[in-house]
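First the structure, then my questions, so here it is.
Chain naming follows the written order as A, B, C, D, E and F, and within any one chain the residues start at number 1.
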């Protein structure tokens, strides 16, 4: 099968709707198809990867740990928009520490999160061949 | 049964979602219960009562005419927020001419639309006993 | 008569929260649930607007919804009160009417 | 490569349309469908922002959605083009990729 | 009033949690009315993952425990395909999908409920 | 990809109208994938008012006419209660509610469809 540049665009907060969870399920499946996969977190999508999520008070499953597994599937390009964080009173310190191990570099642990500004994110979006949004 | 002050709050555009249509269905049913019913049209809800709606291009039923029937059921307090119209580039001239006949005044035809500013609408909302939003 | 305004949408995603603040009256209460909880944080592009509401209104946030989105309560704007579902019920009892901003 | 951005939410209700405009690039096309059609009107609080986009992008609106909401095409901002569903299909063919702003 | 279906929007969860808290404090729930996509709270054909919440079943159980009146709007249910045995038969359909504890009725039940109750709370999108 | 159910959001209508226009111009539709509440487009238990559009039936008919591959996501369908006969049996349920022309399958079908097609268009809320 051909290899295409896939981008999953995440613009909604988790738990308020099922889009974040069900987007993550597609991302995990996409790993099996050996595609060139990127994720974008912008607007309220940045809340999907905040650290310290605790869902005990709302009786929903906390699926934030699953983002940590993405690196194991070689999904390691998670673009986060700086402007989206700052508008929400957040910084990169509020995000989970998401990493992957580079087999070409003696399995060195490298960050999966790539901080970009709005202009840079637009450039990355423009390069994609398939853009899926939820 | 007791008589309560009911307000139906309409804040969403028609056709994009079913809320406008299904809100109207509740309003029509409420007429049978002899309550003190008001409707508020603010934010994108003002598009529900624009004139000249033509749904032939989107294969949906045009239900805007049903608002004209509200007067026949003695539902004649339709509050429309001026600020919502002007933010959207609209004026009262863009709205349907909705009327009711006053049996205490020799069936004189009177306007059902009551133009209010934001402050006045807030006052009307504050007087309600049941507020239903969709 | 006082009214409890319930808002469930992020102020960064929808204009609903702003519309709620524009229509709530002095003495009313505002409860942030679901995605609206993210509006409780200090230092956002929305926090000035919410702080202004605190001058003459009470503002509450459902703690479970705040925690689910990874926001620690220490980050809340001063004056916002944390409630659980029992507190939510109390708010509906203590205000004569409720209005949901959907 | 050019991209077709499809936006379906009213700019007065959600921040999605604004986000789309912030990320579309020169030479891209933007298609307004469903509730987004109301953004096409002249003289609104959003029209300046959309007019700016017209400087280096093409903007289209689905005629059926505009008419359904009672907005006559004479009220549209100058430069916006009206399309039907066949025109929508052409736009997806003539741009290499599409992105839906939901 | 619950306006949204389970899982897609949190409003079904919020309504369920709120209803539990109301009952825990000894208040009475006159009726819960399911409208719009909220009708889908009443399907028995849902099988969520075992480690996830089981919203439709939890409504059924809460209803049984507290004798709650869970009413699904008939007009909304017809559009969305939520049927009880009688209605399915009337429409000539070969199956139904409502679960225990729910009943299908008209919009008047919403208005009546709002008149009879001291408070009406709306959960939706 | 269709993310929303019929009636509640216009996205199901838009997708249907778009699909018709695509076929009218002689293009080929590789697959239509129904995700999230979009799974509800595939119920046969819907009976909308006679003067309203019949979205679920229109999908079925379009599928028959053009041999379309209409795929419902199994994970989303399980949460929301959309079942075919096999899946209902496997889950021990006494009824199913899928309509003609739709099939239930996994999320891989969405990725595969996006790889195989020249264009992927998403309709949602």
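What we mean here is this: a residue touches a chain if its C-beta (ideal position, glycine included) is under 8 Å from a C-beta of that chain, and two chains touch if they have at least 3 such contacts.
Values in this document were obtained by computation on a predicted structure and should not be read as measured data.
Visitor: Among all other chains, pick the one whose mean CA position is farthest from the mean CA position of chain F.
Guide: Measuring from the centre of chain F, the most distant chain centre belongs to C.
Visitor: If you tally the C-beta contacts, which comes out ahead, A-C or A-D?
Guide: Of the two interfaces, A-C and A-D, more C-beta pairs touch across A-C.
Visitor: Centre to centre, using CA atoms, which chain is the farthest one from chain D?
Guide: E
Visitor: Interface overlap for chain E and chain F, more than half of numbers shared or less than half: same or different?
Guide: Same, since over half the interface numbering is common to both chains.
Visitor: Which whole number of Å gives the spacing of the CA centres of chain B and chain C?
Guide: It comes to 27 Å between the two C-alpha centres.
Visitor: Chain A to chain E: how many Å between their CA centres?
Guide: 34
Visitor: Could you tell me which residues belong to chain B and also touch two or more other chains?
Guide: Chain B, residues with two or more chain partners: 15-18, 43, 58, 60, 130-131, 133-134.
Visitor: Give the residues of chain D touching no fewer than two other chains, as numbers and ranges.
Guide: As it turns out, chain D has residues touching two or more other chains at 8, 12-13, 15-16, 34-35, 64, 84, 97-98, 100, 102.
Visitor: List, in ascending order, every residue of chain E touching at least 2 other chains.
Guide: Residues 3, 7-8, 10, 14, 17, 36, 52, 75, 79, 120, 122, 124 of chain E each touch two or more of the other chains.
Visitor: Which chain pairs here would you call touching?
Guide: Every pair of chains meeting the touch criterion: A-C, A-D, A-E, A-F, B-C, B-D, B-E, B-F, C-D, C-E, D-F, E-F.
Visitor: How about chain D: which of its residues touch chain A in the complex?
Guide: 1, 3, 15-16, 19, 22-25, 28, 96-102
Visitor: Would you pull the chain C residues touching chain E in the complex into a rising list?
Guide: Against chain E, chain C makes touches at 6, 8, 33-35, 64, 84-86, 88-89, 92-93, 97-98, 100, 102.
Visitor: Name, in rising order, each residue of chain D that touches chain B in their complex.
Guide: 8-10, 12-13, 34-35, 38, 41-45, 47, 62-65, 67-72, 75, 84
Visitor: Spell out the residues on chain E that touch chain C in their complex, using ranges where they run on.
Guide: The touching residues are 3, 10-11, 14, 17-18, 20-22, 24-25, 27, 119-125.
Visitor: Which of the residues in chain A end up touching chain E in this complex?
Guide: Listed in rising order, the residues are 15-18, 58-61.
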